[in-house]
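You will see two complexes here that share chain A, one where it goes with chain B and one where it goes with chain C.
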Partner chain A sequence: MEIMPTPTYTLIDSVTLASSASSVTFSSLDTIAAGYRDLVLVVTGTASTNTFYRFRFNSDSTNTNYTYVQMIGTGTDALSAAVNDANAGSLTTAESNSLIQIMDFAQTDKHKSYLYRNNFTSVRAAAGRWSNTAAITSIQLAINTGTFNAGSTLSIYGIAA
Partner chain B sequence: MSLIPLGFWAASGGGAGAAAFDLLETQTLASSAASVTFTGLDSYSDYKHLQIRMITASNTGTVVYSKLNGSASGYYIHYLTGNGSNVSSNSFSSTYAWIGHADTLTNAFGASIVDLLDFASTNKTTTIRSLTGRKGSGSNINLNSNLWNSTAAITSMEIYPNSGNFLAGSRISLYGWK
Partner chain C sequence: MGMQLIETIEVGAGGAASIEFTSIPQDGVDLVLKVSTRCSSTAVLLEMQFNADTSASYAYRWLRGTGSATSSGNAGSGYPSTYAMIGWVNGSSATANTFNNQEAYIPNYSGSAIKSFSSDAVDENNATASYQTIQAGGWNNTSAITSVKLFLNAGNFAQYSTASLYKITAD
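Showing the complex of A and B:
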């Protein structure tokens, strides 16, 4: 169905950390992201140690409810793995970044699929799934070890469909 | 924390005013379908690039193909893929462009983001690139690049699974990028 062009890819929220934090949460997505179909998370910054962070959709911290497949280029090797975990990207003590696409985040007829690209000491692309049909109303990015350093920025955008 | 919504272009420092990324059309399937087609793309020639964002399930298909302007010739595919065990790359000529993945596991959908670069140009061949994957009935993450060896402006795009149908709930959206 053809519709009138609608400007989209809209910044919903952005946090630049004033002090270190072990997690960042975007909540009330059913309100602040209402009307959008996809979400894009952009993470740029550093961590207190070389580490990774996980999704916590709707506070679900059971890692095996999430699954992903990745391919990584380390500079010397190309690797792939499929893992039942909520990995959302890696972060190092040097500047790293990740761009995460969460598709149909509020639709209740499907599990939630996501894609991301992550640059750290390696380059990574990944596809994952949260095995739950619930609408995502909150997203926490939780560091596995250490903290996001002050100055790190986490932003969330909405894309209509 | 709340912010006043900003257009992405403005948010990324690209300049004030005009939006850069517009939703043009979307098709969400209420029932299964063998394909989805966007036509009349020449009406979007004020956009430089197009993007397809899609989330697709199928009864039997695991990858998603596309034909431009109804053509079944002149496609060349390069891909880099990870299947959970190893990473590989290949290239081949084709009768279609390979743009995405579908999933056959109940409630699981493949996700694909596809860029059609300079789609209205008549002085260059067409490039379609995609980031696509699925983690359900199979494990795949791909970076694909397709050449369509034609300088014709793209006026239509047919999107279909490699076998079977798209299932209800599959959603394919078209965006324009200025």
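Showing the complex of A and C:
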């Protein structure tokens, strides 16, 4: 009997902005992403200024509930730092992208961890944690300064276990 | 639906100067490239071009950790902007049978915006040299990507090097 691979990397939702926006929210993940183990967010586009955006899992806007460690290559220097913030990636006025993995988003027995890499005015990879055991039912990406420009695309995929 | 294999290319006996995916279907959203490579000579860089574009239209930055040191560089600073660099590659002096791996993500490849990409890679040689790298950059072109070419800064891909191209679809 041929064993077929489990479909994965399934698009759950995608937003291409018709006009600029300061945030984008994917909600009802407990419904539309039910059955998937992990989530992948892909952000591609531009912003009105060089800036970054933050996670708001389940509308939690307390930045100190999030921590991450990052490494950055500026093109000339290599840096690393641990930061108490909800940073989820960066955008510039030129086209750039972020690839964000959120593991075990629906589990209720662990804090939620995530990995991302993105290009900005530098290349960056980070590993972070949201200090909450609740299942993630909504994800907002909220820009720090300025807006996501029209035409930017934010997509969320489900990864099957 | 989801992530679908477009094609896997394995290098045969005698090696190959390049690996190229052509006529990439345009019904996907993003591309994922997974590569296992080794070089037949002393090459160290894995390079990528879209749509056979050899002009100076690629920009990228990289960050590398060796286990004891870190460094960073970018196109235009000792690295040409005529290709996108997506990782380091084991050369012929590396321990036999050691290959290294890269994964590149190319969002909105069939769209009309300027294209961006990111990649991560590992290059390990029996604990005598280990590189972990990330790269990110862009191709200053709004054309849909219809072909992806991989090549090295010198020499050929060794036999058994493989590259697989996947598309992420919206259905």
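Please note the rule applied: the second predicted complex is superposed on the first by the 156 of 161 C-alpha atoms of A that agree within 3 Å, B and C clash if a C-alpha of one lies under 4 Å from a C-alpha of the other, contacts with A are read in each partner's own complex, and residues count from 1 in each chain.
In this section, a residue touches a chain if its C-beta (ideal position, glycine included) is under 8 Å from a C-beta of that chain, and two chains touch if they have at least 3 such contacts.
Not measured: the values here are computed from a predicted model.
*Asks:* Under the superposition described at the top, does placing chain B and chain C together on chain A give a clash or a fit?
*Replies:* Once both complexes are aligned on chain A, chain B and chain C clash.
*Asks:* Pick one for A:Tyr114: touches chain B only (first), chain C only (second), both, or neither.
*Replies:* So A:Tyr114 only meets chain B here.
*Asks:* Applying the touch criterion given at the start, work out whether A:Tyr157 contacts chain B, chain C, both or neither, answering first, second, both or neither.
*Replies:* Touch status of A:Tyr157: both partners.
*Asks:* Between chain B (first) and chain C (second), which, if any, makes contact with A:Asn144: first, second, both or neither?
*Replies:* neither
*Asks:* Identify which of chain B and chain C touches the larger number of residues of chain A.
*Replies:* The larger set of chain A residues in touch belongs to B.
*Asks:* With both complexes superposed on chain A, which partner does A:Met71 reach: first (chain B), second (chain C), both or neither?
*Replies:* both
*Asks:* Report for A:Ala125: first if it touches chain B alone, second if chain C alone, otherwise both or neither.
*Replies:* both
*Asks:* For A:Thr133, select first, second, both or neither according to whether it touches chain B, chain C, the two together, or no partner.
*Replies:* Only chain B is touched by A:Thr133; chain C is not.
*Asks:* Would you sort A:Ala81 into first (chain B), second (chain C), both or neither based on which partner it touches?
*Replies:* In the superposition, A:Ala81 touches chain B alone.
*Asks:* State whether A:Thr10 touches chain B only (first), chain C only (second), both chains, or neither.
*Replies:* both
*Asks:* Looking at the overlay, what does A:Thr49 touch: chain B (first), chain C (second), both, or neither?
*Replies:* Neither: A:Thr49 stays clear of chain B and chain C.
*Asks:* Based on the A-chain superposition described above, do chain B and chain C contact any of the same residues on chain A, and if so which?
*Replies:* On chain A, the overlap between the chain B and chain C contacts is residues 7-11, 14, 71-73, 78, 80, 117, 125, 157.
*Asks:* In the complex, go through chain C and note every residue touching chain A.
*Replies:* Residue list for chain C touching chain A: 1-3, 29-30, 60-65, 70-74, 77, 105, 107-108, 111, 113-118, 120, 134-138, 168-171.
*Asks:* If we count contacts the way the header does, which residues on chain A are in touch with chain B in the complex?
*Replies:* Per the stated touch rule, the residues are 1-3, 5-15, 32, 37-38, 67-73, 78-82, 101, 103-104, 107, 109-111, 113-115, 117, 125-129, 131, 133, 157-161.
*Asks:* Flag every residue of chain A that touches chain C in the complex, lowest number first.
*Replies:* Of all residues in chain A, those touching chain C are 7-11, 14, 42, 44-45, 71-78, 80, 94-97, 99, 117-120, 122-125, 151, 153, 155, 157.
*Asks:* Quick one: in the complex, what on chain B touches chain A?
*Replies:* Within the complex, chain B contacts chain A at residues 1-3, 5-8, 11, 19-28, 40, 53, 55, 57, 80-87, 101, 107-111, 113, 131-136, 139-141, 143, 169, 171, 173, 175-176.
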